[in-house]
Amino acid sequence: MAEPILSIEDLRVEFDRSEDKVYAVNGVSFQIDPGQALGIVGESGSGKSVTLMSALGLIRENGKVKSGVVQFEGKNLLKMSSRQLEDIRGREIGVIFQDPMTSLNPVMSIGDQIMETMLTHHYAGHREAFDRTIQLLHEMGIPDPKARFKNYPHEFSGGMRQRIMIAIALACEPQLLIADEPTTALDVTVQMQILALLQSQRERKNMSVAIITHDFGVATNFCDKIVVLYAGQVMEMADTSAFIQNPAHPYTLGLKNSIIEVGQRGRKLEPIPGMAPTLTEPPTSCSFADRCPFVTDRCREELPKLRSVESNHLVACHRAEEVLARAN
Amino acid sequence: MPTNPLVKVENVSKRFRVRGRELHAVSNVSFEIEAGKTFGLVGESGSGKSTLGRLVLRLLDANEGRITFNGKDITNLPNRQLRPLRQEMQIIFQDPQASMSPRMTIGRAIEDAMEIHKIGTKQSRRKRVDELLERVGLPSFVKYAFPHELSGGQLQRIGIARALSLNPKLIVCDEPVSALDVSIQVQVIHLLQELQRDLNLTYIFIAHNLAVVEYLSDEIAVLYLGEVVEQAPAEKLFKNPSHPYTQVLLQSILKIPEDPSSRQKMTHIQGEIPSPFNPPSGCTFHPRCPFATDVCRTQKPVAKHVDDDHKATCHLIG
Amino acid sequence: MAIAVSQTRPVAVKKNRSQFYQSWKRFRKNYFAVGGLVWVAIFFIIGIIGPWIAPYSYTDADFLAMHAPPSAHHIFGTDQVGYDQFTQILYSVRYALEIALGATCVSFIIGIVLGLWAGLAGGIADMLIMRGVDFMFALPSFFFALILSVLLGKGLFPMILAIGVPGWAGYARLIRSLVLSMRNGEMVEAARALGASQTHIAARYMFPNVVGSMVVSLAFGIPADLTAQAGLSIVGMGLNPPMPSFGNMLANASSNILGFPWLLYFPASIFAITLLAFLFVADGLQEAFNPRGGM
Amino acid sequence: MFMLRFFAKRFVAIVFTLAAVIAISYIMMYESPGGFMSTSQVASALAPIAAQNPVLYQKVMEEFQQRYGLNLPLWRQCLQYVWHELTFNFGNSMQNPTQTITSQLKTALPISVILAFSSTALSVVIGIPMGVIAALKRNTWIDYTVTTLSMVGQAIPSFVLAVIFVLIFGVLWQNILPVTGWGTFSDAVLPVISLAAAPIGVVARYMRGSLIETMRQDFIRTAKSKGVKYWPLVLKHGVRNSMTALITVVGPQFAFTVVGTVLVENIFAIPGLGKVIGNAFPNFDFPMAITSVFILGAIMMITNLIVDLFYAWIDPRVKLQ
């Protein structure tokens, strides 16, 4: 197996607040293999974006990476100077964000914003960058790219803006694309268009993709491997098929049961009680214990380690085997 | 056909004027809801579903058409007479924080609803606040909290409690769960379901999530650019989607596959929802419709019966 | 079934959780603002008790001590007529406050009436009032005050009107925009859905949410009116001498300065510090009421 | 074509506003104790001439009767006066009845314009970098110094600062900088500083707040994710966007500066329009007073028009209307 393109080991991130600290990421580890599509799934506050954004130095000032290693092409991103990191962002790793309405600079034409990526990294000269921008816009399915080059973001619809975001992220043909909730703000029909676009681009360029999402439908249909985060920790990590068929963590199981799908009228709902905690202290026991139907005394005392239950299937739960048995 | 519906909406239209341009938010919509049932309104952003919900409650005034609530024509009812009626028809919002005064504690907010209608004494209202909070699954001390101190899910429960405090017959649920996390969504849906069962509530459930609407609703109307394109009982709509737009919507849902090999293909329709300021001619869906013909481009379709209680507004039917 | 809320953030039940208490807590932490408030308070006290502690009457000219430097008799010195500067300042404070408060009230009352009218009535009334606002903003209100003061004369009450009347536009615009943003907001829609009457909505929902902005704009308005009043004196349209005012003292002193710098030391420094104090207070209030927005 | 229509519309609005200002001032002053202009008033203003040169007196008197329509009803007087003003046909003043207002303002106007514009320019040139540095060094001593200085500058009105300068440079350290008169570059130093202090404070504080706010926006994160380097990020994305907010305060700030000019000229005895106003109002020379206000008003409105154009240019979301 080839070296992973990005590997995160024991990452810890804290945020300072006026009166306390929030432990947003508490020892997260996972890898993305070349050409792989990884889904990072979790609810709000689970640390799913913070994990990747902190690796790229894109979190707010009050956030601090406390420990961990983020290996990208054999180098630790966390040890890099901000200048070295700038050379990687946009060139080796492209990023797309959730809200296409606010993620584009409102006073810069979209063409200039796409070109800026290439010019910053000396990826192309002015002339080539312009040609490539037109070509990218065309590839992204934006009609009449030459005329629209000079338009500003507010002159586009949400779906079109997300296409422009993708063009920006892909301008320098990065090896890894990080998409942070790329379709959450969009209508379903447009979501489908954007996902199809991402998929075709990924196949054509043999690019690795990490999709951060709260939507199991997006993750399971798009990704090869899925990581489930809760309270800043990896709860479960598995290939998509194992994930769909044998979820081994009570939280994953609960989440899957929480999703209402078409054709489920009359199904009995079994909500997970309670809500996700905001950790103001580092976790010392299972963070899910309070909401877990499988909870035992051990769960409230001992922090479960991420361990392997099947090949390529890691779970952080003391009672994973029982969960597996029940699901089957 | 229901004989004595709680809500009857007939040929209702609403236009907005925005900087001199006219926007057809809702065009010629009709439906009826029987007491104790849930009527689902689905559509993407800009489809007019929220406007329609507000028209039913007379939070907005319709330009045309008639709205009957509990046998009473409320279309032109003056505010003075409408206000007491509001006890019977309530709304819960997508963003509960925006719908509450940031300067009022939760307890005051719920109490205020009862105070407006002079329900009970001060003591009995206070007691009722505790009961309501318990009913929606919150501890009573949250009544001392301010809205910004609570989470989205908790606030949505408060919104429900406030609506319930008036013992309404009808609740318009305007995207009540779309801003919430998956696990919290189910909690709220579960709560809504229980309340309907226990209190015989009638819901108008507005959402863009088809699965949730299907799950909760007895009858569903699909809206596109302010027009109902298809309307049917939930089972029929999903079993036999007759309007191309409904079909597209259904295909756009990403179901969790059985295993990766049975994944959905990312098939999609071209284009986005056109500007409501200048909607396409003929059938408003024709620019995106895979089956569009010349008729669709020029003539406006009328609603046709697919079945006795299943209607779709498409030239290709029948 | 009741869903357990086991991990609710505990809400501390404190006795005083009213908005004003919260704002006061934030205000208290801002030392500049608190310092400003202390100075403003002293200024107010002097304004009230000034005439009682003044050693002379402001019309008493000490002909034996013209241009006298500060001394035991005249602690702030005297001017070319022999007016005791300390007395002059005590009265200036009083008149400055009377005019500034009066003018701010006048502006605010006109502004709130027109602003509410425009915001609530909409349509033609709104259009006309907003045209009026545009008109007032086309020229600095100081010029309108100057022109009005010609018509009204140079007394205390005319000054209040001359400064106060042209100041309405800012308040009207603020109140209208507050009313509009709320009227179209979800909070008011929710209150309407509950069946609340217009008066109930205005009193329980809108007012508590706008009072902060109004207090802040008033706090900025008072020093602006103090400045306008002094400015009118500079161009000779201020209070009629011998009624003392900061503007008159500054204008007089700056043209009589050579050899008599004390005529400037006291009024200039007291006036400057006062304005600074008012601004610190206003700025502190802005931050206290509206911790996120604003500059 | 679009621009032309925009200009035409704004021009008409400006003319109407100015006409209204003149008419309202005229009527108010007509009703004031001094009266705007009457035969007896003119007669008393012309008294010195009458004694020396009765022929000239007759001539000037007739001119005044004619031009200000002293025998006409109020509304016609007013209309005639408004028309004359709008066509820059200002007539003679009361203080110098034999000279036209135009000739008297010829030297005064450029002085005020120079003062107002140079202090505004200075406020932008100094205020923006101050604000940017404060924002980038947020919560350091640099930031606190800039913020406090800005507050002080903003709190103290230009004329009080001018008085303090007169005290410092007129009494304590004489002969460093002149505190009266006009003519050389050094004469302008103190007035411009007094005038610029407040706008510098406002611009710096606003820029700081606006840049801090901008740097938190999502599109800044996007630019960072593209690998844009620090200074291009701050300047091209941060400052550029903050400017759109800043422009909204420049217009009102210019109005303050114009008023400040009027007052500061009176403190430093600078023969500009402000000094003219300071002489005209207390001496009931209303034609002169109104004309001065009219000219300052016209300059302000045209400046605001230019600011709006600039705003539309810098922020593509703004539509001219």
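Chains: A, B, C and D, in written order; residue numbering restarts at 1 for each.
Convention: a contact is a pair of C-beta atoms (placed from the backbone, for glycine too) under 8 Å apart; a residue touches a chain by one contact, two chains touch by 3 or more.
What you see is a predicted model, and the numbers here were worked out from it, not measured in a lab.
Distance between Cα centroids is largest for the pairing of chain B with D. Chain pairs C-D and A-D differ in how many C-beta pairs are in contact, and the one with more is C-D.
Chain C and chain D, compared by their mean Cα positions, are separated by 23 Å.
Between the Cα centres of chain A and chain D there is a gap of 55 Å. Distance from the chain B centre to the chain C centre is 48 Å, each centre being the mean of its Cα atoms.
Between chain A and chain B, the centres computed from C-alpha atoms are 31 Å apart. Under the contact definition stated at the top, the residues of chain C that touch 2 or more other chains are 3-5, 8-9. Annotation for chain A: residues touching 2 or more other chains are 271, 273, 275-276.
Looking at chain B, residues 151, 154, 187, 190 sit in touch with two or more other chains.
Interface residues of chain B, counted against chain C in their complex, comprise 54, 57, 59, 82-87, 90-91, 93, 95, 98-105, 112-113, 116-117, 134, 137-139, 141-142, 144-146, 149-151, 154, 162, 166, 187, 190-191, 194. Interface of chain D with chain A (complex): residues 216-219, 221-230, 232, 236-237, 240-241, 244, 314-317.
Residues 43-44, 157, 159-160, 187-193, 195-196, 199, 214-218, 220-221, 224, 240-241, 244-245, 254-256, 258-265, 267, 269, 271-273, 275-276 of chain A are the ones touching chain B in the complex. On chain C, the positions that touch chain B within their shared complex are 1-5, 8-9, 11, 13, 17, 19, 185-187, 189-197, 200, 204-205, 208-209. On the side of chain C, the complex with chain D involves touching residues 32, 134-135, 137-140, 142-143, 146-148, 150-153, 223, 227, 230-231, 234-237, 250-251, 253-255, 257-258, 261, 264-265, 268, 271-272, 275-276, 278-280, 283, 294-295.
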